[in-house]
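Sharing a structure here in structure tokens format.
Per-chain numbering from 1; labels A, B and C assigned in written order.
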Amino acid sequence: MAKELLKGNVAIAEAAVRAGVEAYFGYPITPQTELLEYMSQRMPELGRVFLQAESEVAAINMVYGAACTGARVMTSSSSPGFSLMQEGLSYIAGSELPCVIVDVMRGGPGLGNIQPSQGDYFQVTRSAGHGDFHPIVLAPASVQEAIDFTIRAFDLADHYRHLVIIAADGQVGQMMEPAELPPMQARHERPAWAVNGAKGRKHNLITSLHMSARDAEDFNLRLQARMSIIKVTEQRAVEYFTEDAQLLVIGYGTAGRIALTAVEEARARGLKVGLLRPQTLWPFPEDRLSQLADNVRACLVVEMNAGQMLEDVRLAVAGQVPVNFYGRLAGVVPMPDEILAAIEDEYRRMAVPA
Amino acid sequence: MAKGTIVIDQERCKGCTLCTLFCPQHVIIMDETRLNGKGYHPALLSDAQGECTGCAVCAVICPDVCISVYREALPKRREVQEAIVHG
Amino acid sequence: MISTNGNKSTLELVYERPQSLLPMYTHYCPGCTHGIAHRLVAEALDELGLREQAILVAPVGCAVFAYEYFNIDGVEAAHGRAPAMATGIKRIQPENIVLTYQGDGDLASIGTAEIIHVAGRGENITTIFVNNAIYGMTGGQMAPTSLPGQKTSSSLCGRDPRTTGYPLKMSELLAQTTGAAYVVRRSLHDVANIRKAKKAIVTALKVQMQGLGFSMVELLSTCPTNWGLTPEQALQWVRDNMLPYFPLGDYKVIDAVKGL
């Protein structure tokens, strides 16, 4: 397949189509609406299901219903809409249903701003609905990654019967750049647990309700066991210039991509700086990070929020070295020179003997 | 009038009394002599004179599907006509 | 112990538990007409041979365990969201007969947007709406269909319309949507009305089988426990108090349904 000039939102939509998604239910909200618009034309074209719901609450519950049939299903939204979907996400997690949700993050809180932001980090990694569960969260930093991670999201969802969120900030959704789309996958088989009419078998029930506390606990222990397997198996990150780095910059998505430019410039100025760019936000790449922390003298976290992944970094580094932060808020995208300045400050402070 | 009878699953009955109130023949009573597994006085058919017609009203009003209804098979209308025609 | 008398051998079995209902003890209170509503739905599914095609979307409310009582595939919706969930299922598997079974808290309160939009879309699903003018499962609070003056655990002095408004007439409301093909209100307070309710449920399922659009049967129902009445008094309360406010009848029957 050749490279095409693609808009992030559209690339994610077409990647989902190629992954064999059978139903899309969504609601308009900037900055992800092009994904919905594209699906409104593309899905019927292929004889698949598209429906614009009356709200994100309805959309996620349509997704929940469709997921009960075992088909590949998805929705997409942006921060305020994602907040409305949380109850539904918890039901989906509580029913062990595979499902892919795209959150194209914008400035918050409240109506906030429609510019790119990473203010949903806590929401997508920790509180995508009530109860003890973490969705798998993938964080693309380019249109190509948005495509690749969408394909991977559906595979992870089916493999683990788990909720997978693609957390892309508004810039990844809105920008256009050349990228390559994978071939169309065949329609996926439906699992035995799906509901499609109790013909020649016992009736199937899909519910997240366990009236006995012990049953509820047993179910949760099973969920926790699965998540610990995911945590060990699915941590992903890419790193640059870390072999001899003294200072490690950590940033994901657009913030990570811009930080790379700053790190390259710092390297050109002779500073021993490296970059770790998490591709999975949950499970967070803590194993690799704690290894890297052994041979650097400080970490600098760069985010487009007030410091949320920062906490996971501090947990992983566990006090081995100081972890400092540079961030822009609520829709402001940092420029490379701002990050470079922060790197240089950190480097100077670090160089001074303790 | 057709003859009929009912079978009450007394373990499922919750003693709501509705069948006793709606039975047109008043042949269902609450069995005050015993309690079922859930501690309810279950309904009981009390039809010494065989007045139950198998009308199934009790089964229709029962919220817990406790009652099966039996009714005498009336000769089908066609059979009756044949009997008249062929004498 | 089975109680009977007389010789059953000459008698024909004319009435028994429908196949679509499992022989399970239900958690409903004595005299609660949910049990009747369940039986009518099961009888209708049996009569139309739909048991192996049907999928039940259970609500949150007293009927939250409904899917355990029916011998059909079942899913558990979030409170008020059953219509949206049913839409998701029906759109992907139109060959299934998809039903939502909802109480008044579920449908007329938190789920009003969802029910209005499935009607507006003419979604090919069937809704069984059990209206007992109260929140049963949570212990008897006021519902959007509670009557003016009705005492509940959250309107101890009786529902005051000046602060809590008036009961919502969902059948009349939904009948205004073009997508609704069949919207009727029936009652379970006596045998004659139960039989009519059964017919309406059969018709509603036929509407879905023919793909004619949204179908709903509202069933006036009792809540002896939270109304503080005996099962018999509760049936009378429906007749004497609910019927005047919620008149029975057909609120939307498109021509194509008349022939069914």
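Here is the rule we go by: a residue touches a chain if its C-beta (ideal position, glycine included) is under 8 Å from a C-beta of that chain, and two chains touch if they have at least 3 such contacts.
Small disclaimer: the values here were computed from a predicted structure and weren't measured.
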Name the most central chain, where centre means the mean of Cα atoms.
C
Counting only C-alpha atoms to place each centre, which chain is farthest from chain B?
A
Distance from the CA centroid of chain A to that of chain B, rounded to the nearest Å?
63
Length of the line joining the C-alpha centres of chain A and chain C, rounded to whole Å
41
Chain B to chain C, mean C-alpha position gap in Å, rounds to 26
Touching two or more other chains, which residues of chain C qualify?
none
Chain A partner, complex, touching residues on chain C are 51-55, 57-58, 64, 67-68, 70-78, 81, 84-89, 91-93, 95-96, 113-114, 117
In their shared complex, at which residues does chain C touch chain B?
1-6, 8, 10-18, 21, 25-26, 28-36, 39, 190-191, 194-195, 224, 230-232, 235
Where on chain B does chain C make contact in their complex?
3-12, 14-18, 21-22, 31, 38, 40, 42-45, 47-48, 50, 52, 54, 56-57, 59-65, 67-73
Chain C touches which residues of chain A in the complex?
22-23, 25, 49, 51, 53-55, 57-59, 61-69, 71, 73, 87-88, 91, 95, 195-200, 203-209
